[in-house]
């Protein structure tokens, strides 16, 4: 059984936002209007954050794309009263929109802030609805949504493999964000398949530059980051806390 | 998705159809380890019946014209991905290409030909039939072909060929509009290297890149191509990690990735480059012979260089210290292969051409021109005559003349296709007023943009995803490439491809073009490629050839590369000049192309409006970026409304305190300030071009939009800026850095 | 109950106390002082011997091997903490009962307060243990590097507590000491006369006493709670890296109250069985204290659970390693025992009213709780003193359990024996029951006819 | 205890039933004023359900706000009833008599009000009702019992059921009394509610036993309710929420605010219904003494909580402690909590003179609840606004007018329901008052006459 995971190389990411839009396109994420930003309720399943370091002129702006970490020990899961968020046997933190009643407890307990609540009914002008991905449920007002590791792509690929009576091949498909990323900063795949790119990165690059966000919380994220390389980084590295 | 699968998918068109039978599996998915009641619903995203088809086509020229594939489901375009086979992007794509589907299904698309039904500019139109509309345009051209002006964006490939033929057949005038820096860059390429097309960068093999203000990862000529190479440049090689320095007046979204950012005065890029050259030569870091083309390109003697451009002499004017310049020069000379590029605001100065030539000529010094890991020049089109490569846009100076001709009545009819001069040219050009008084204006736009709002007739074009074409991407990957563009869906509204319209007009005018329609033109030109007998596509008959080309997304020949580069003309050093007295206008006004909206051509797409600018994280508006100290001195903070005053005009903008802004530089993003262009673009923000003085680049006459000074006036009012970042500037916590950094392995 | 009648069915058990005259009480108290016999003396001497053996073991073991190896001090610390949790907690019970003004408490108070006399033992142990307290440099400390922390502040608290305890015991014994002074013969006079001081029983003195005794008790509680809070933090929490939990001091204090009640019950049972206090310490008292013991057993669980559930849900590595160390892996059995003896058994036994309403029931459970508390303290302290490097923020490697040796056990029994010896010697000078309190209750009692029966009416003066 | 007037049984009945038959002017003012605010409340809730939670000021990461704070507050208030009735009943504290009824009613109404909050606060309230019960037998979908949000409704509903039964048990004798003295619809109502009460020996015995049993049974529920509410926060990983002390801390805080609210209610009833003979100064005195102990216990836990947020010296908690102790507006809230929650009322209550002053008791009890509302806000909000090292998401939370209306309205709701209750049911338990009269005795001890009580030890 696959165990899905992701490696994001911060030394490659250039902050272009292709992953963000690709995910919105793939997953029927509602349009983030100006009002939504004013209300600070924008929905971006993968979001690009920019952190400052230092002061002009010795200042750095650093980017990091943040999707759901798909924690193996996800704190968002046990707090959901209705099993609307649960763990699949393939290691995905899954969201069942139909069942969600919108307590928002899961997002309270997600320290990565990657769970997004539909405060309003998502609206598209009729013509734009033609773009909606038929494989992805359009969420309604009052439910939580989040990165699913593009579950529809996974299901499709697994089903295809089943139809053809074979095992899934390493990297035979990828997520929308990884596929769009121009710098190849995002790599998605089966951590348990030693031939997949993620597994190889985890066994090589992650040893050198890898860390996971808020690793010290012990939630075992499935998303690994590779540290940004900086000529002027302090010699003493920040180990995981 | 790998190529083969894609082919298979496209070929059978049924492999994408998957049946969801998960409902039978109630309760059989519990993970073995933990007590939980797993949802018997397999997952919330059921798979549907239906046919998934993937079609290859090309992205817009303004993002590099690279190859994309589009997922089509039940006749609707759903998702854009990069074409994994296409040699420019190899499956990668960008936000703007992703948003093409929103253009296709935009709620404010012009749905049918329109005729003005009220005052010009009133926006009142009524629908007319295509025949009627075509007839009217034909008669307009027939009346005075010589006084008819066709305005387009720079065209190439099949549409370029059709337009060229049309212009030739009818004898009308043609001008093309593109961002002025590109005009300057083309001239710089011509002068420094003798090529007509934009260069590409072999970053994957380079060790050092110095970008002088060029926003090459986000907006500059071919960001996806460069970004892809950048990934490999940084982490694609086991032993080497490329180093990137950025020299320029703004920490742009691109510059933020630099290992070191060297803030300089706007327009001082060329000066820094010369000074670097001086250091390299003085310290003997480069061979004398490689300096010859450098000196030719700049019309300098070694003595002049040595005396006038020593770091100590120019440091003051550049804003850097002499030591910084020396270090930069040493790094550039020593960490070869190294590349120097310049662009964006470097080109938009009064000395823009000099800036670009000086920087690009640095590549001669380190032997990086056309070599592995260096600056790669691109050949022109494989079929220069039949399939034109990009024709350069016209410079601002020429547009001013055209405006005068329209105003003076020498030009009576203006046809506009996919260019928006009313928005893109600063008001100082007088184009808007001229057009308002023009005899007739015909627009071929899919949207009611500012120019279309002044049209008497609108003949809506199809969007990219609905029409045929062959595109010569500029820049290419270093060899000849032609992308195929094909309709992935039926036209969504009652529109016609511009090429078809021209072909039909020509027929009506009695000057028929060689093809019956745009599709046939494309097929014919593709067959001409077959005639070359080289490249990636082989097939016996035209049909098979074209199908293969369609399936792969285009034609390319890796061996067809550019010839030897040689400077063609000298470009003398010059200092930047600014409109406005420094006493009265203490700040530099630095507009910058928006990472998501470009120069405004993407402002109508909500995904891009809602995509945060990477450094400020601002969305849906315009703002002015101010250094924190400066802001404190003036007494403003993020969200305060200030009036930015230039010799040319003034505008009220909210302040964004940008910790990385230079103290005397005020940056303002371009792309907003639309008065038309659909519900998502209209009436938000300010177009900074309205503030810039009509300064032009000395030699090319291009608009120098980074050559204006300004001052700030407080309004005492506040305005909410829509932003993504929280309400406190996000600095990393020392104990808990989100973005962890490490030193390179040495 | 039927014998003495009340109008309703759910009152407390009445007993012979309410039938007595004040004179009877005085006689009983004086009889106690006069006739305490050989049994007590040999018990006291045995306890003293244990105490001395403990002192020798303390010198032979920890003191000689110094402070570098904290592990050898573990059982000294256990003894200290155990005495703090039991003997030092008992006087708090008497305060609570006093403040609640229940009349049945009158004969109980002294049995609880007398344990204050042992405070000198933990104080002495504490002074010895100060050397094991790590400094505040290089480690987390609840003192944030205050000068001389933690030694000075803990010592001040301990000394204050001992002072307050002796003061409270002295004050609540004052009228009875005077009685003994006035009625007892010879030898004991000197010390007792000095202790009884100027007590003449004037109206003014009585009013003063009534006011001040309560306040002295409250003062004792107000010192005890912070002391336990600090000890919990300095002795337990800061010794186990990663063990930062706000409820622990409360758990520590509350479970000490439980043990204090248990100790009082056991003391009462002993007094009843061997001390001739049958008339005073009857079903009413055992029943009431049985209920309290049950309540505190439930609180033990509540406070433990408050901690456990948060750790369990938090699941951060830090929390998991603490859980593993003191509950799940290393000290699993001590924990299971503590859980059973402090909570499960008391609950299962005392939930039955007939058991609560007996002498043996509460007594047995009290014994169980005293043992359970000891095991609980061993679990925590032994774990804390076994961590080799407490300067870390997290427990990365979980240390092995520490198995006590003979010396450790002698130290532990010695400390307990010493404390018991002190109490037994105090029996010699303090009358049981508390004469002034029990007679005070009798003065406020009246038998009244009510409908067809007779009820006891008790005054509740403000 | 010389304050007690000697009242005949008939006088007691008449006086305590007075609110049912006559309506003081201020009661009308109350009905109209509270009714108006209540109308706003109903409108705000409807508006929110119609448009969705977009109309609140909630955002990411401030996903919980005013309504949850208010929920905790009202759950806290609801702890008064059991504290006063059950514990004092079990320990047979005489002074409970005049306040049990009001306290129990307040428990029920504040519980109902509290429960309303998490329901309307969900994204799809109409579906929320499903999850209180296991709803999908067919597909084996059950609520996730690992989640505190499933414990919550179970505990609260149990508590509500228990309290209602408890109240009703103590109401039956009074209903019979009312039945026998009324006509018309009231007579019908009271007849039904009196359940055929005739006041015979057996009925009294059953009633007494039921009262005691319910008191005993409800105590664990009482402790569980606020513990579970606290675990809503504490089992999460949000820094400053993830604290082991939360359960007892919340419970004692609840008692602190609930008992204070009872004081407020006592003062109001005494003033509104002129119950001076029943709600006497000695009652304020006794409850004031109880409050000193409760308040001090609360302070202990409050300080433990603060201390242990700082003691581990973890950057995350320190960050938020720094924020909530020293930054506007939480610095002011901190001061408010300390001053209003403890340092104004408790030192005042130490003096018997003040405890026996109704005005002072009224205002200090109000102060406590101002402090306690602030405390809940202070506990809940800062952790969300500054969750961990995610400085990119540091957002302020500003409640919208809808949330403010709901919070205001919740007070009107409880007040209004209490007034309605007082119009239908005697606000002081008549039979308990009479029982108290029988138990109260005077005793001559030496020269003093002492208040005494039958069978109280």
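Some notes on this structure:
The chains carry the letters A, B, C and D, assigned in the order they are written, with residues numbered from 1 in each.
Following the convention adopted for this analysis, a residue touches a chain if its C-beta (ideal position, glycine included) is under 8 Å from a C-beta of that chain, and two chains touch if they have at least 3 such contacts.
Small disclaimer: the values here were computed from a predicted structure and weren't measured.
Just to note, of B-D and A-D, the chains joined by more C-beta pairs in contact are A-D. Chain centres were defined as the mean of their Cα atoms; on that basis the chain farthest from chain B turns out to be C.
Taking the mean of the C-alpha atoms as each chain's centre, chain B and chain C sit 81 Å apart.
In this assembly, the C-alpha centroid of chain B lies 65 Å from the C-alpha centroid of chain D.
We define each chain's centre as the mean of its Cα atoms; on that basis chain A and chain D are separated by 44 Å.
Averaging C-alpha coordinates per chain places the centre of chain A 57 Å away from that of chain C. In chain B, the residues that touch at least two other chains are 36-37, 39, 41, 725-727, 730-732, 735-738. Counting partner chains per residue, chain A shows two or more touched chains at residues 40, 49-51, 75, 78, 83, 99, 217. Shown for chain C are the residues in touch with two or more other chains, namely 313, 316.
Across the assembly, chains come into contact as A-B, A-C, A-D, B-D, C-D. The touching residues of chain C, when paired with chain A in their complex, are 313, 315-318, 320. By the touch rule above, chain C contacts chain D in their complex via residues 6-12, 100, 102-104, 140, 142, 225, 229, 233, 244-250, 284, 298, 302-303, 305-307, 309-311, 313-314, 316, 393, 443-444, 446, 448, 450, 455-462.
Those residues of chain A that touch chain C in the complex are listed here as 73, 75, 78, 216-219. Interface residues of chain A facing chain B in the complex, by the touch rule stated above, are 9-12, 14-18, 20-22, 24-26, 31-34, 36-38, 40, 42, 44, 47-53, 55-57, 59-64, 83, 86-89, 94-99, 125-137, 148, 151-152, 155-156, 159-160, 163, 172-174, 176, 179-185, 205, 208-209, 211, 213, 225-233, 235, 237-238, 241. Only residues 1-2, 5, 15-16, 18-20, 29-32, 34, 36-39, 41-48, 50, 73-74, 76-82, 89, 91-95, 98-99, 101-102, 104-107, 109, 217-218, 223-224, 227-228, 230-232, 234-235, 241, 243, 251, 253-254, 256-257, 259-261, 263, 492, 595-596, 606-612, 614-615, 617, 619-621, 627-629, 659-663, 684, 720, 722-727, 729-732, 735-745 of chain B touch chain A when the two sit together in their complex.
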